[in-house]
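Here chain A shows up in two complexes: once beside chain B, once beside chain C.
After this line comes the complex of A and B, so read on.
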């Protein structure tokens, strides 16, 4: 359950109101945590996993959650996050790249507030970007996809062409090429985190092009998954399992569990040890996981997937290791060289095998 | 039973003033029942929506930030609506205005003049007016319906924006995210009230209100416009050009929407990005009609409308209301107001029982 400061209005209106000032009184109360996301928290998807993680963190540190959903990126978001802080929130989780500039201003104005910001690249003493290494999971999904694809064509419906999503697609294709070097991948960018109609159309377009495994990349709706089920092609998605939308053709999920990370950060805030840092979290941190695999994957491939997964967790293998060639055929990462974390987080090129050019 | 709406001979002033109050009460009652059924403490939720926008200086300043574009666009639209020229595409003209204004800081990132914003506002107005002029051209040339043309031009404007943000105007440091670089200080509108986000665009809105009042209530051109709207034939006999009315209506409303768009990117946004307006172009249509298409009424309705928005957002922060419940309350308010406003001007006449 989410809770808000129910007592606030009574006291505030009685006091003639200095609500724009931070409420010092809340210091000895429970930690007020605010979570802001751009889409509604459905039963599944990005916003839901963030909310689950936030509530788990609140439970662990004895905090209360104010949940702010469907906040479009822009002046409204800036105002609402400011409002939440004025209302006592001291630990703020911003669930979209587009909240970055407003969040940074907020961090500067309120040094006693700790802010976690999804998918960004700016850091401040009380402002930490965080992101999941989805590519670890999408590589494994790519291996399964190549084994199940009969057409040799796979596709992805993707939200925005930012490095995080580009990397996920690249790893998906690299994993597929590990099983079938000839495989090709098409991408449709819908330029929205939450747009069921466009996602549906994009999925149908990919299927009509012959793609028989789809990757729903960073959508907060099960549209792609259900279109794939209707058309009888496999599909997987990120963040939370959507098997109920595709009982027959669900390939699996690259899930995220934010509870351990959010809890640790909220605890750090309470202890006064919160530090601004770039958190890039993967399977080794138990933030990224894969589950709900379809039983249709051939046994030998499934064994390879499990081995690869173990190597990723142990650090013995990194999918973003050369030789990596870009779409023009130029070698971008030499044989045996592993991309650095900064390179991965700034990846703005597709590997060979992705047939759609990047929007530039 | 059959009934029809008969126009009242005279709408009473008291009822006209009571209509919004009654609408507020009715919407409050239905929302109350709705919240109670949802298990949300209804009184506190409604109080949050209705009172918090005015309860602190910060909240009220944010109401003013939102009022500025609504006021500006609605004043422009109302002029056209009274001439029966229905510009439904203010959203598109706003986007084009924002794009044209952004051209200066995006293409000249090192320009250091502190008055860049003046040129940006001018470009925004020209851009918005030019976008609306397309509809005026087709309306006067081919009698193409301006409702459809302006509405569809909005979709084209949105695609142009997406193209620029994904392509030539993308921030080179922005990690491929569809947005431009942040504008330099000279490209930002001066603030109006220290410590708040209220900027010069509020004055644009106030100036537009005064100009609209003088134009519509006092000038011959304004009078001619109204006549072409209310009595097109009489206007024709009197030698008033209908085509001129179409051009004037669309150019004025387009320029106002373009200026609003320019003021948004040079104001609270500080960059060109995907979500510029939060639907101001469409909301302003409602604002214009809520204000009775009268400049003074619109000044009030734009303030009320933005207060409802701010109150709704606050209800999410303070009262645990989901976003969808907030939208329902806003919808109820508008619906009840339109019902009440209809009864001010019309009465129901029962014309007997149903016939077989």
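After this line comes the complex of A and C, so read on.
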């Protein structure tokens, strides 16, 4: 028994060594890129956009992609990212906040590895956090939502009350108020990143309260979009277009295209000029985009949306510019003052017009 | 639609996956076996049912397939537990992880796809009534599940089969002495429980959401296990617990949407807390509870 097992182990390690050797050899010519995400890469959603961006970057710099999907945050993730690096990966993209500490340790142990980390705040010489300015797009969606809402009530199904999601909702409401100052927005926090059944119930609850445009905030599944289509109300989502799930009532998408950013960073790694920095990327970086607009938006509003979009891209306009009051009526940002990046990334209050209190 | 009307209309559908899985687990536990793999069996049932519904468009076939998948997973649990008297807690947890992983694997090509749901059946006149109309307008699977709960209560209360299952769970040695085939009966209960868990998953994936996504059961299998315990192994209370949980989980979201000033985390915990409190209060008669709890639950049977 022991003999067999030892023989088996010997064969296995020999096979492992043999498998590792050509990897080392090919690492000389092709950059090994590893992408790790917490959910499976479906046709749509966060993981899919990261994978598309990574593959585009690999194509541009002549690299090879190792895709590690459905890796839950925790010790397992640390072990798997370490194995990816010891197997030759030199450029690592970590697609979830919870990978931060493991990724930082990895960055310290392997100074020649460059790491990009989604939505974190820690930076090291070879470790850069990145996040998308979704709020630029949700502001434009808010303008369209206000133009299409007949009830004057709009709503959002949101995952967790964290600054990134709060900012997206606030910009959505500010954009809506730019078209209809009286508009009100209800928010339902599902308190789960992933629960399609609850997302569906939350969307139905908002519709029953009279909301006729819904914002699916940080959900990877099309549950909210399909409920809205069934109920005949408009809906939009983040990351990738879901028009096929709602052919009639799809408002549009605030999409993310990581290809330009990942390509530039992978090229920097190859050139040896990779630097640790906090990347907050928006329309001006061609990372955030809006598309798949419903044709139902009135022409004059669509023109205003396009103008606003151009001003956001050129930097002439920032949605997070005062005067901004919070739900209690206190002025939080003075007239003409634009919130700094740190303030936007730490926003923990709702603007006036959001009727739901913020959980604290 | 008023918030209350909305909650009433949505409750039964939200409760159905829980009720199916909990009733299945009830039968298993009544026979003296503790299967903690409900979450995984539901996930596997959901994945397989979704694939069948997506490929054939038939919900009936999808439910059969979901039940079959759940049953197959349960039989994997039955082999070590009944055949080798393995620890039921460990075997159940292992089954849950295995079936959950398997569901992710077979469902991989179908991730985030959607299908048509079952139609809600309109009942003439009644469906148009305020409040009551919403409660009575449900799809066929909801009615079938409620009918199943009633039938199961009757089986346990007044049939020879029900008494035999209870006897096996109470004292398998005594049951064997009077000629009951303990292991065969337990095997049948485990298979039946797996089939119902699979159907619960099938309802969630092909009727309720209706989409497949890895992890979509999101803890409902564990709630089903908890409902059986808090319902003190009595069919009516387990079914009631599932309905209560369904009502509160929808109510929580509606309350948020109406803008009541309660933190959403507290609201999210409400269904769990309230279900526990209500079931604990109605089960506070200790004599009755002891009479209905399963004496040999979790103990391997060594003939």
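Everything that follows uses one rule, which is that the second predicted complex is superposed on the first by the 333 of 360 C-alpha atoms of A that agree within 3 Å, B and C clash if a C-alpha of one lies under 4 Å from a C-alpha of the other, contacts with A are read in each partner's own complex, and residues count from 1 in each chain.
To be clear about the criterion, contacts are C-beta pairs under 8 Å (C-beta built on N, C-alpha and C of every residue); 3 or more make two chains touch, one makes a residue touch a chain.
Remember, predicted model here, so these are calculated numbers, not experimental data.
When the two structures are aligned on the shared chain, A:70 is found in touch with chain B and with chain C. Contact with chain C, but none with chain B, is seen for A:245 once the two complexes are overlaid on the shared chain. Judged by the touch definition given at the top, the superposed model places A:359 against both chain B and chain C. In the superposition on chain A, A:205 makes contact with chain C only, not with chain B. In the superposition on chain A, A:39 makes contact with chain C only, while chain B stays out of contact range.
Of the two partner chains placed by superposition, only chain C is touched by A:223; chain B is not. In the superposition on chain A, A:191 makes contact with both chain B and chain C.
In the superposition on chain A, contact of A:155 is made with chain C only, not with chain B. In the superposition on chain A, contact of A:115 is made with neither chain B nor chain C. Residue overlap on chain A between its contacts with chain B in one complex and with chain C in the other: 40, 70, 161, 191, 359-360.
Here chain B touches chain A in the complex through residues 41, 44, 47-48, 51-52, 55-59, 62, 65, 162, 166-167, 175-179, 182, 197, 264, 268-271, 273-276, 278, 310, 313-314, 316-320, 322-324, going by the rule given at the top.
Within the complex formed with chain B, the chain A residues making contact are 2-6, 8-9, 12-13, 17-20, 34, 40, 66, 68-70, 72-76, 78-80, 83-84, 86-87, 97-98, 101, 121, 160-163, 166, 191, 346, 348, 359-360. Those residues of chain C lying in contact with chain A across their complex are 1, 3, 5-6, 10, 14, 17, 104, 108, 111-114, 204, 208-209, 211, 213-216, 218, 220, 249-250, 253-254, 256-259, 261, 263-265, 268. Interface of chain A with chain C (complex): residues 39-45, 70, 155, 161, 186-192, 194-198, 200-202, 204-206, 208-209, 211, 220-223, 226, 245, 355-357, 359-360.
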